[in-house]
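Per-chain residue numbering starts at 1, and chain names A, B and C are given in the order in which the chains are listed.
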Amino acid sequence: MTPTDNPLESFDIDYAPALESTAVIDIADSYGHFINGVFVEPSSGVTFPTVNPATETHLADIADGSPEDVDRAVTAARTAFEGPWGQMTGSERGRYLFRIARQLQERSREFAVLETMDGGKPIKESRDLDLPLSAAWFFYYAGWTDKLEYAFPNRTVAPHGVVGQIVPWNFPLMMAAWKLAPALAAGNTVVLKPAETTPLTALLLADVLCDVDLPPGVVNIVTGAGGTGAAIVDHPGIDKLAFTGSTEVGKTIQRVASTRRIPLTLELGGKAAHIVFEDSAFDQAVEGVVTGIYSNQGHVCCAGSRLLVEESIAEHFVERVRRRISTLRLGNPLDKNTDVGAINSADQLQRITDMVATGVAEGADLYQPECELPDKGFWFPPTVFTGVQQSHTVAREEIFGPVLTVQTFRTAEEAVEKANNTPYGLSAGIWTEKGSKILWMAEKLRAGVVWANTYNRFDPASPFGGYKESGFGREGGLHGLAPYLREQTSGAGGSA
Amino acid sequence: MAEHIPVDKTFKLFIGGTFPRSESGRTFQIHSADGDLLANAAKASRKDLREAVKAARGAQADWAGRTAYNRGQVLYRVAEVMESRRAEFISVLTDMGQTAHSVRAEVDRSIDRWVWYAGWADKLHHVLGTVNPVAGPYFNFTFPEPTGVVVVAAPDDPPLLGLLSRIAPVIISGNTAVVTTGGPSALAAVTLAEVLATSDVPGGVVNVLTGDKAELLPWALGHMDVNSVDLTGEPNGLDDEAVATAADNVKRIVRSDPVGASPYMIGDFLEMKTVWHPIGR
Amino acid sequence: MMNSTAFLPTTDGGSVRTTPVDAVALEARAAALCTRSIKTTSKRAALHTTIRCIDLTTLEGIDTPGKVASLCQKAIRPDPANPTIPSVAAVCVYPEMVEHAVTSVSGTTVVVASVAGAFPAGMSTPAVRVADIADAVGRGAGEIDIVLNRSAFMSGDLRRAYDEIVAAKEACGTAHLKVILETGELGSYEQVRRASMLAMAAGADFIKTSTGKIPKAATHPMVLNMAEAIRDYADQTGVIVGLKGAGGIRTAKQAWHHLVIVGETLGSDWLTPERFRLGASSLLNDVLMQIQKLDTGHYSGPNYVTVD
């Protein structure tokens, strides 16, 4: 029974590298905009680089979209809306969406690797979450195309026309899928802008759109940063806007949309409370809290960034959380065993670093497990702040990084009060084995998604979106279809 | 016997279940179609708006926390009282110059409209909620909740039907309302307030501010404790910059049909909450 | 009757607390751990560790001295062609076969484990079961695998289930006691969690998933659940208890995912035969074929491992 001295024969959890191959992908030197079914050069000739945040290596040059580029895209979308796409039956549109879904499944390896290279997220997440859900979103909404008359009783619906969609960098392809699938199912055409740090999977999606013979102009992809987004928001040919991103930018977009009186949906930031009661399933609660904040490096709008734990178990629970995060594997996102990948960009790393410094300066207690950060690339270790008060900046502002704050509560009322004491209202988590308490909490929490005894679950059939400053409108399910349709018989109705 | 000299009514604001004058002391005159002075109505100030929002916020949790059945009954009771005060509504609308026929029709429709909305209280979830078949061992459902405090710009025309058609879909789900109303339609609004005060609607659920909508609404749009503003009754009177301030706290801005009725119009003032729970043993 | 967070007594007069378990989240966590990709040096280490942690088992009504001798030979020298392959931890047999096994493994590191206590149902009187244990120990078994009294446990008589383990432990003397929970019969992860704490509190040296006699056995979430119970027990008492998965573990990949689960839950310290066992029979040959693949670069086949 003596263990061998040979380390090669003694298994431990410092696993050997298990790298996903990058041979499946082929990144071009540069990319133009995808307009009217073809890639076109940017009118300005200006490009910007996209880099791999895990290595800082240059991946490709990306076209910087000007107002002229946006105008070409809107024109193409309008032509397609008034032409082939608008004239198709719902079931015909559905065929294209089904095809896109299948293509995403068939090429999922390629998309997953590219997503990880461009955005820094662990390959296991792009492989097991982003890609399956992206395909599922198209499948789900494909089925709605020819059933729209059953969706909203006593309502005759029609598409808006040309929809402008701006998506963030945390789930680049998945956010595009969340936006495109319902918009197309409803019969709109689209001008989509992926985020400037993560444009590659959207551009690969363009490839898929060509392969499935989607009519030119139905989906147009214009790359660029905030200026390009503003050009979409400002364009008079846009009939409806949908944005996912920061609350700050969302407010700017709402100002413009309200002036233009066009319908808008916003999926913005969050500062979700993750509430753990003494009578919870302890180990699953620890796991839920840990994955709820550290998955995708905390770049998740609905991340459970505020742990509220019942005071009677707080010490023990936090100790377990610390122990658990010390086993998180941070490193090469292409390694199939990596749990925590790279921070998406140098800018975001700076934001997180500054916020954490503020937390320390305001007196919260910092904990970071021993964890070697790679020399190149943008990295931040999983971080826990204890001794946090409601007034601390780290407990109030969205950090969008792997940073958990811990506060305690004594009663369910106090937990609700603290959870709701924020301008945000996107999501919340509850861990207790008492059913009546779950339902009581679920009613009281002012958040659009409440996960009870689970966290960060998504599904195309399940509406997702926020209360208060976390935005309005829903994505997913029947409720995610509604924003892409207008009432045909009157021009009235809806938020703007 | 001497002829009875009528006691004229003072048209005041309705805030938190009470009838204060404007804190500003301001009034404005409402004349009949014939030019007779009907009232010196209170002209609400931004501070009155602030107080009304505070009252609405204070009443909201309790109102939303009532059962849908109860809210439906409370609204139905309002219709009963309106019916009993039909003559007063007819008189107010007549003073404003409508023909007798059109006045009766509007009062009928208004009461019918209110009853129609009252019945939606406990049916909304059926129509707007869903159970979602997610691909995993989770029970997942979505249900509507009120958005909170809603400031309503009441339509000027038709004065009573427009007013009721915009208030009912706001409050039936558990929102509380601050109604701004301008010009002659203030008469209908204050009369409604008196109905609300003598029915079972808790104080603060509906607050009525008479005066100048265009003066009050920018304050409502910029108010950080207002969740939604219904601009249906003020489609063009505000400048873009004022409307844009609604974005400061991501308000839900609604522009709808002043006389339409639909559960989707209730939906304009709702949030959808989705709850997940695992299915296991 | 206990509620879900009840306290259980320990043999030293203290108590331990058990926790509710959410089945879906537990299974999701186990599934996530099973996506660990074990390659190259880690794979070889996992395969060797697996072998060193195996209780090579035969528990058939037709077991004979000849069969047991053959099994013991396989246990000592799993791959006759490759002397670098370690011996397994133990052979696991019925009490009647103990002496044959003891003779066969004499002079090696391989221990003889015996099931006892009216295995697999345990439905004999306490006296008979204790005598069965004492008999197996007397004839040379170094480890004893008994079953939890599920009849008592499921009827709510936790005290009886507990006392019987205490008595079994006493009957074991210096032999190690493994308590089989027969997880597939207990109805929920939460019951298993409770049974785990009860068995540990009563003095079990190891807790073990299953007899191998019913279909639902050592699944990954079940092993995770029991590993978490062991962690709780160690946290609360400082006492280290081992974990044995048994039943249905047939492939090397299943085995290394068990190692991953135990390693990531309890730490790499737990990945030794002193603290972790896999009760299996056909698993060993799959592991050997995987090692041959690593050594030669070619896939192996069943004709290149011995059938014992």
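The rule is simple: a contact is a pair of C-beta atoms (placed from the backbone, for glycine too) under 8 Å apart; a residue touches a chain by one contact, two chains touch by 3 or more.
What you see is a predicted model, and the numbers here were worked out from it, not measured in a lab.
Engineer: Using mean Cα positions as chain centres, tell me which chain lies farthest from subunit C.
Structural biologist: B
Engineer: My parser should flag the chain pair with the most contacts; which pair should that be?
Structural biologist: Contact tally peaks for the chain pair A-B.
Engineer: Counting in whole Å, what is the centre-to-centre distance of subunit A and subunit C, each centre being its mean C-alpha position?
Structural biologist: That gives a centre separation of 43 Å.
Engineer: For subunit B and subunit C, what's the span in angstrom between their mean Cα positions?
Structural biologist: 69
Engineer: What whole-number Å value describes the gap between the mean CA coordinates of subunit A and subunit B?
Structural biologist: That pair's centroid distance is 37 Å.
Engineer: Any chance you could list the residues of subunit A touching two or more other chains?
Structural biologist: 453-454
Engineer: What are the residues of subunit C that contact at least two other chains?
Structural biologist: Subunit C, residues with two or more chain partners: 22, 24-25.
Engineer: Hey, what residues on subunit B touch two or more of the other chains?
Structural biologist: In subunit B, residues 136, 138, 278 touch at least two other chains, as defined above.
Engineer: For the complex, give me every residue of subunit B touching subunit A.
Structural biologist: Residues in contact with subunit A: 127, 130, 132-136, 138, 140, 142, 147, 227, 232, 240, 243-244, 246-250, 252-257, 260, 262, 264-265, 268, 271-278.
Engineer: Give every residue of subunit A touching subunit B within the complex, in rising order.
Structural biologist: For subunit A paired with subunit B, touching residues are 136, 152-155, 247, 250-252, 254-256, 258-259, 261, 266, 268, 423, 438, 442, 447-454, 457, 459, 461-465, 467-472, 474, 477-479, 487, 490, 492-496.
Engineer: Give every residue of subunit B touching subunit C within the complex, in rising order.
Structural biologist: The touching residues are 136-138, 278-281.
Engineer: In their complex, what parts of subunit A are in touch with subunit C?
Structural biologist: These residues of subunit A touch subunit C: 1-4, 6-18, 124, 128, 278-284, 287-288, 327, 336-337, 433, 453-454.
Engineer: Which residues of subunit C touch subunit A in their complex?
Structural biologist: Residue positions touching the partner: 4-5, 19-22, 24-26, 29, 35-46, 48-50, 52, 86, 89, 109, 111, 228, 256, 259-260, 263-264, 267-268, 271-274.
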